[in-house]
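Right after this note come the structures.
Two complexes come next, and they have one chain in common, chain A, joined by chain B in the first and chain C in the second.
And now, the complex of A and B:
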């Protein structure tokens, strides 16, 4: 049984159809990449399964999302955390007026035991040492790259079974991009499955096990890492070969 | 004379600060002007009156009950009126109109139940106050000042350091991000209405120890509370307290040389001045955040 299954998902914003009959899945332990050009509905797909779509004015018109075999379609965002699903949203959305430590504390909101929370915060600071010197800084004043680290740390603190990440490398300098992808692979090797939406197809396909290519609100094709990297269409459109 | 005006300013400021605090706390999570906050203040005072005078229970117990019920009332307003509007994604204007509607409805209800005449909570002869630094301050006034400061500090510590208090700040920063980390924003909004309304209730009770009750008392109170919150920087907790005392002082010192009838005009003059010169207030939180 796959960890996450998405069947025939359709979403529209008002009268505009954003995605139509999209199906994909994530197996336990996988990194799955979703790539494709701007505006094809990658974020929409992710937001639909994380419940954020409702606050964006989107509507799920058909489809089913199952996590560990349970139907989670239409769950509220805050309920998904309890299931073990964590999201790094598009644009990071850290709490700008709270400190770095407070952001991490909020990431651990669902953990009741204070000593576990402290341990997990420490673990995140070890995973992202850049944040260590900035624990008391207001998160809104961090650089984009540091904010991305914080967003990642905030979502990983609950040790999710599945991490949904929307463009974690957007707007970052090459060093930071490399660092983010290294961390994702590291986290994955420790047992967290990852669904990764990326514009940076080269990096995403490099890091993933499998991938889906989105085009105009649909999945045009999918495959294992090697078959995608060697695919002519992918090479031409996304890898610039 | 000046000393007495300063003392009066501090007492008025204590009340304004409490109203502004609750208003600001609620504003932080819902981002609209909960005008009906003013009528919660009125209800707090009338409940205290009912329990102590009509029912005849111990004043301390009465006040405690009245504060809790004021909190429940605020929560009820949110669940019954604002929550359905939020689900429909109503505009700010709709929220403001709804809030006015609630205010007038409940104010009329109070008038119906208690009559339009003035009531009073005070009993016994008026006692001579203490002479402090050339002013006369009564025990009641000391009570008002001390309670207001204690409640302000307690709220500040709560929001700064407790887990639920931090979740209020998280929702204030970004409700979607809050839900991403597993916070139910609706519960946090409910919490802020409950706490904020208890503060309004407390302010209503405190003022009724000092002056008379009338059904329309909430109107000027909420106007002053809102002005105080804006002066301090809307949504900021220390700002609300600062704004409250600043306004109380300015009003009372302002009438040193002119007639007392100008108090409200002074308050609005200050508001307009702030809106022109420093719209973000002294410690303002930006209302809308630019986002990618």
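And now, the complex of A and C:
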């Protein structure tokens, strides 16, 4: 049984169909990348399963989302955390006027035991050493890349089974893009499955195990990492070869 | 002397209003422009209970807090769907509706004729005579409001409110039901405004719809912004200054024919200057996005 299964998902905003009959899945332990150009519904697909779609005025018209076998279609964003799904929202969405530590503590809000919280925060600081010297700095004063590290750390504190990452490389300097993808692979090797939505197809396809290519609200093709990286269409359209 | 004490009572009532609005606008970041509605429904509930059923003002005060809280519950629903300017407009609309009801439901509220002869507060069977006694009563409620709202904003609950102000989607992604907190904040803020309304009604002994207009909502919001969003001390200072300042301008000795408009202009000018020099308010750290 796959960890996450999405069957025939369709979403529309008002009368505009954003995605139609999209199906994909994430196996236990995988990094799955969803790539494709701007405005083809990659983020819509992720938002539909993370519940953000509703506050954006979107509507799921058909389809089903299952996590560990049970139906989570239409769950609200905050309900996912209890399921063990953690979201790194697009644009990072850190709390700018809270310190780095306070941001991490917010991520640990569902953990009751104080000592576990402290351990987890320490674990995140070890995972992202860049944040270590800045624990008392206001998060809004961090660079975009550091903020992305913080957003990632904040979402990992609850030790999710599945991490949903929406455009984690958006707006980052090349160094940080490399670093973010290294971290994602590292997190994955420690057992967290990852669903990654990315415009940076090259990086995403290199980091993933499998990928789906979106075009015009549909999945045009999918496959394992190697077959995608070597696919002519992918090379031509996304990898610039 | 009574004049000074009277100003202090009024200022204290506004302190309660400003702090309760600050919980919604300053600490949670929800721009709300209908606070006079909660203030008014608290005043009317308390006054009508006393006039029609001879209820004690204490009962009226509790009932006023409850009805205002329920109104806050209702008004919070647009807050779940709307953001920013749109929420401000929706709450403004709610304020206008409550005002219109007070003005037009003559059978109950006597409309623009108002409700005269509202009995005063009693304490252990003794009527509170004189402005002194009222000042102590109102100050006690200022203390209670400060304590309760202070505890709320410094608790884990308050942390979430701050997070909602900072980033709603981020808060949801942390597993928090943002809607629950918004509803709670509106109810609590409204209930305290209802208390302020009851205190006002039994102190002045006469209320009419003109005390609960849109201008009143704006004045309370001004106090909050002036003192500083997200600062309880700021709300105290803001409310006191904005009540006392116009009174002080009375003593400038201007010719009576131009005194009133000139007073308004000086008042307005001071507000503009402060907002230019210190947009985060006197004691705030945070400004509107």
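Please note the rule applied: the second predicted complex is superposed on the first by the 241 of 241 C-alpha atoms of A that agree within 3 Å, B and C clash if a C-alpha of one lies under 4 Å from a C-alpha of the other, contacts with A are read in each partner's own complex, and residues count from 1 in each chain.
What we mean here is this: contacts are C-beta pairs under 8 Å (C-beta built on N, C-alpha and C of every residue); 3 or more make two chains touch, one makes a residue touch a chain.
Since the model is a prediction, treat every value here as computed from it, not as a measurement.
Look at chain A after the overlay: chain B and chain C clash there. When both complexes are overlaid on chain A, the residue A:33 reaches neither chain B nor chain C. In the superposition on chain A, contact of A:82 is made with both chain B and chain C.
Of the two partner chains placed by the overlay, neither chain B nor chain C lies in contact with A:205. Shared-chain residue A:107: touches chain B and chain C both.
By the touch criterion stated above, A:45 is placed in contact with neither chain B nor chain C.
Overlap of the chain B and chain C interfaces on chain A comprises residues 50-52, 55, 76-78, 81-82, 86-87, 89, 93-98, 102, 106-107, 109-110, 154-155, 158. Against chain C, the residues of chain A that register as touching in their complex are 50-52, 55, 76-82, 86-89, 93-98, 102, 106-107, 109-110, 154-155, 158. Taken together, the chain B residues at the contact with chain A in this complex read 89, 163, 166-167, 169-170, 172-185, 285, 289, 291-292. By the touch criterion given at the top, residues 156, 159-160, 162-163, 166-178, 285-286 of chain C touch chain A in their complex. Every residue of chain A that touches chain B in the complex is listed here, in rising order: 50-52, 55, 57, 76-78, 81-82, 86-87, 89-98, 102, 105-110, 154-155, 158.
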